[in-house]
Amino acid sequence: MTRPPTRLATCAHAIAAAGRKLAAQGLTPATSGNFSMRLDDTHAAITISGRDKGTLTPDDIIVIDMEGRAVGTTARPSAETLLHTQLYRRFTEVNAVLHTHSRTQTVASRLFAPAGVIRIEGYELIKAIAGHTTHATHIDLPIFANTQDMPELVERVDVWIRTDKPLYGYLIDGHGIYTWGRDMTEAERHIEAFEFLLGCELDLRRSQT
Amino acid sequence: MTRPPTRLATCAHAIAAAGRKLAAQGLTPATSGNFSMRLDDTHAAITISGRDKGTLTPDDIIVIDMEGRAVGTTARPSAETLLHTQLYRRFTEVNAVLHTHSRTQTVASRLFAPAGVIRIEGYELIKAIAGHTTHATHIDLPIFANTQDMPELVERVDVWIRTDKPLYGYLIDGHGIYTWGRDMTEAERHIEAFEFLLGCELDLRRSQT
Amino acid sequence: MTRPPTRLATCAHAIAAAGRKLAAQGLTPATSGNFSMRLDDTHAAITISGRDKGTLTPDDIIVIDMEGRAVGTTARPSAETLLHTQLYRRFTEVNAVLHTHSRTQTVASRLFAPAGVIRIEGYELIKAIAGHTTHATHIDLPIFANTQDMPELVERVDVWIRTDKPLYGYLIDGHGIYTWGRDMTEAERHIEAFEFLLGCELDLRRSQT
Amino acid sequence: MTRPPTRLATCAHAIAAAGRKLAAQGLTPATSGNFSMRLDDTHAAITISGRDKGTLTPDDIIVIDMEGRAVGTTARPSAETLLHTQLYRRFTEVNAVLHTHSRTQTVASRLFAPAGVIRIEGYELIKAIAGHTTHATHIDLPIFANTQDMPELVERVDVWIRTDKPLYGYLIDGHGIYTWGRDMTEAERHIEAFEFLLGCELDLRRSQT
């Protein structure tokens, strides 16, 4: 993948627009969340750490290499940059990564953390996740224990990846969700679908009699 | 019913406006939902498959015949087109059909699927459903099992219709609601009323002590 | 109270503005709700039956006398007009009446209907209800059984009024709330406060362990 | 801290903007809530009592001294002014104080009042509270009994402060939250984080099976 000259501008615009949309939906409380897109085989564009996601502009986006180091800037990339580059390195078809922190995502992660996974089944909206053409299947969304040690967190995710089990997104306990797509449109559809499906799971749990 | 020359433009405008409104209320997550209006005895206008309902324009609406085939376009109509045409064929007074996917609709469908029906009674808002002039009655909203086989799903709905029991809308398990009206205004009032009534039923269930 | 020449225009503007605001907050699903203001000792202004409250304009407001009859128009006033005129006749200090239908109001009315009253106590926001200067008190919000027979419903409310117990608003079972104020600002503050307080009561009930 | 000539105008603008934002999020029902900023060592700017927080302008902000008396105006400061000045007097690093009344804050205060404190732990978003760099810690949010006697309420808060236990915010039972920051940006981040964290705690409590 060679990078066209306009690729950075296009991605920065798309990241900022996605961030503002997700912030308006309440998914990024208190400057949380971070978003990225692949620029080429060895670089990605990612949000600067700590910015208010509701007012993102292309100026809040910087270039990183696949080791998570900022390129051509003194601005600091998101603390969780290595979780983004892991996905670009491991999955060549991934070109956009979104991480948010909604109340639904946070509560679901804590409730299901003891099980280590949330099994989602029986929903028509499973078809919104890439590669699914029927509701008559299930998706397992793993939940990894939280840590401030990024290499350790990367390793926790890698353990799952090395099993070759399907992976469309994951939760970090008490923290939020990571999901991705072939392009930003697909990544946004995935985060919208997972937010909806986790909300349904919480509602069902609260409504059992 | 002869089709006036402006009927398609009028319907496409009304469908797009209704879709944007329902999307803004969160009823169509991740491009779900589809909407239609009858054009004449043998044609309807319906949303193209997979479009983001929040940004619908008349260009996202195509013509179909009553067998659900696209007319005069290579665009693909919504996968569930046959559920729309079934209603136009079976109920001559129906001129608008709305299908949405809200969290409330989805959760209610799953909770009450074992019973096969949700009985709604005791609400003043029952009067918002066509033909009702008092709260002192009930409405039975059936829940059909989901399937990707559209003719099979059509047949499940038809079994209910053939019993001649009243039908103002129905849920598909894990999937969403279908409702309709003599015109788009009535169909929109029905979907707003059912969304409200199902939300109340879920809240009551959660609040029993 | 003599009616200044501009009183109708002022009231129609205030009613339409309040209606649009309450509709935007989701308190008037499917054209429900109705709103009025006193014009003079023998007349009030009220919303026309069945209008979408989200797009109210002064043209949707008509004049009624205190027997609930439309004056100078063939438009039909809200079906529940007599509940408004009862308040203007019984309470000379009341100049604005609001009736809404939120999910919270409807669910609270059904849950507490067997008790006939919701006792609200322990909230700072009680001070938002006219005449209250401390949280260390309570407000009893009665719940009357619903009926389509307006004179009967008026009588149910009147039974409470004749006891001389304080009355700041009331619920109708499965239906919604009525509240009022010396002016529209106070009536709007009351409906905002009751919506909040009923929401807290439902949340508390759901959170007991 | 000497007060620059433009300090009052800057603060009044910042307070009004923060108030409108918090009101739009539903945190200030029925004119509740009050907001302030430190002007210099002996003065602060604070919202006038009873104003609608959704339409705040700099004209709704007045100057008070550290005894809570209005300076250069006949307008009445918020009834709870002494709770603001207490924070400016006790904590020299505090330059902005926010008090809101959300349904989540009110319900949480009532549920946890018997314990006197809500312990918040296990959330990544703890890092949004100043001085926290890891989720692997906890924050204790005290809940004080409500009273209309402001000096008494000030004393209840002061008892906690004198213990030298950390204090990032507190709840008043049935009433709402107080939190603050070195500047308005930090105070807003704190209120957004506490609203989120309290919401998660309520959801977890409701979802236990």
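Letters A, B, C and D name the chains as they come in the text, with residue numbers starting at 1 for each one.
Everything below uses one rule, namely that a residue touches a chain if its C-beta (ideal position, glycine included) is under 8 Å from a C-beta of that chain, and two chains touch if they have at least 3 such contacts.
Everything numeric in this text was worked out from a predicted model, so none of it was measured.
The chains touching subunit B as well as subunit C do not exist; no chain touches both. Using the contact threshold fixed earlier, the set of chains in contact with both subunit A and subunit D is empty. Note on subunit A versus subunit B: their Cα superposition corresponds to a rotation of 90 degrees, in steps of 5. Of all residue numbers used where subunit C meets subunit D, under half belong to both copies. The two sides are thus made of different residues. Centroids built from CA atoms put subunit D at 33 Å from subunit C. Centroids built from CA atoms put subunit D at 46 Å from subunit B. The residues of subunit B that reach two or more other chains are 206, listed in rising order. By the touch criterion stated above, subunit B contacts subunit C in their complex at residues 122-125, 128, 133-136, 189, 192-193, 195-196, 199-200, 203-204, 206-207, 209. Residue ranges on subunit B touching subunit A, taken from their complex, read 29-32, 101, 103, 106-107, 110-111, 146, 148, 172-176, 202, 205-206, 208.
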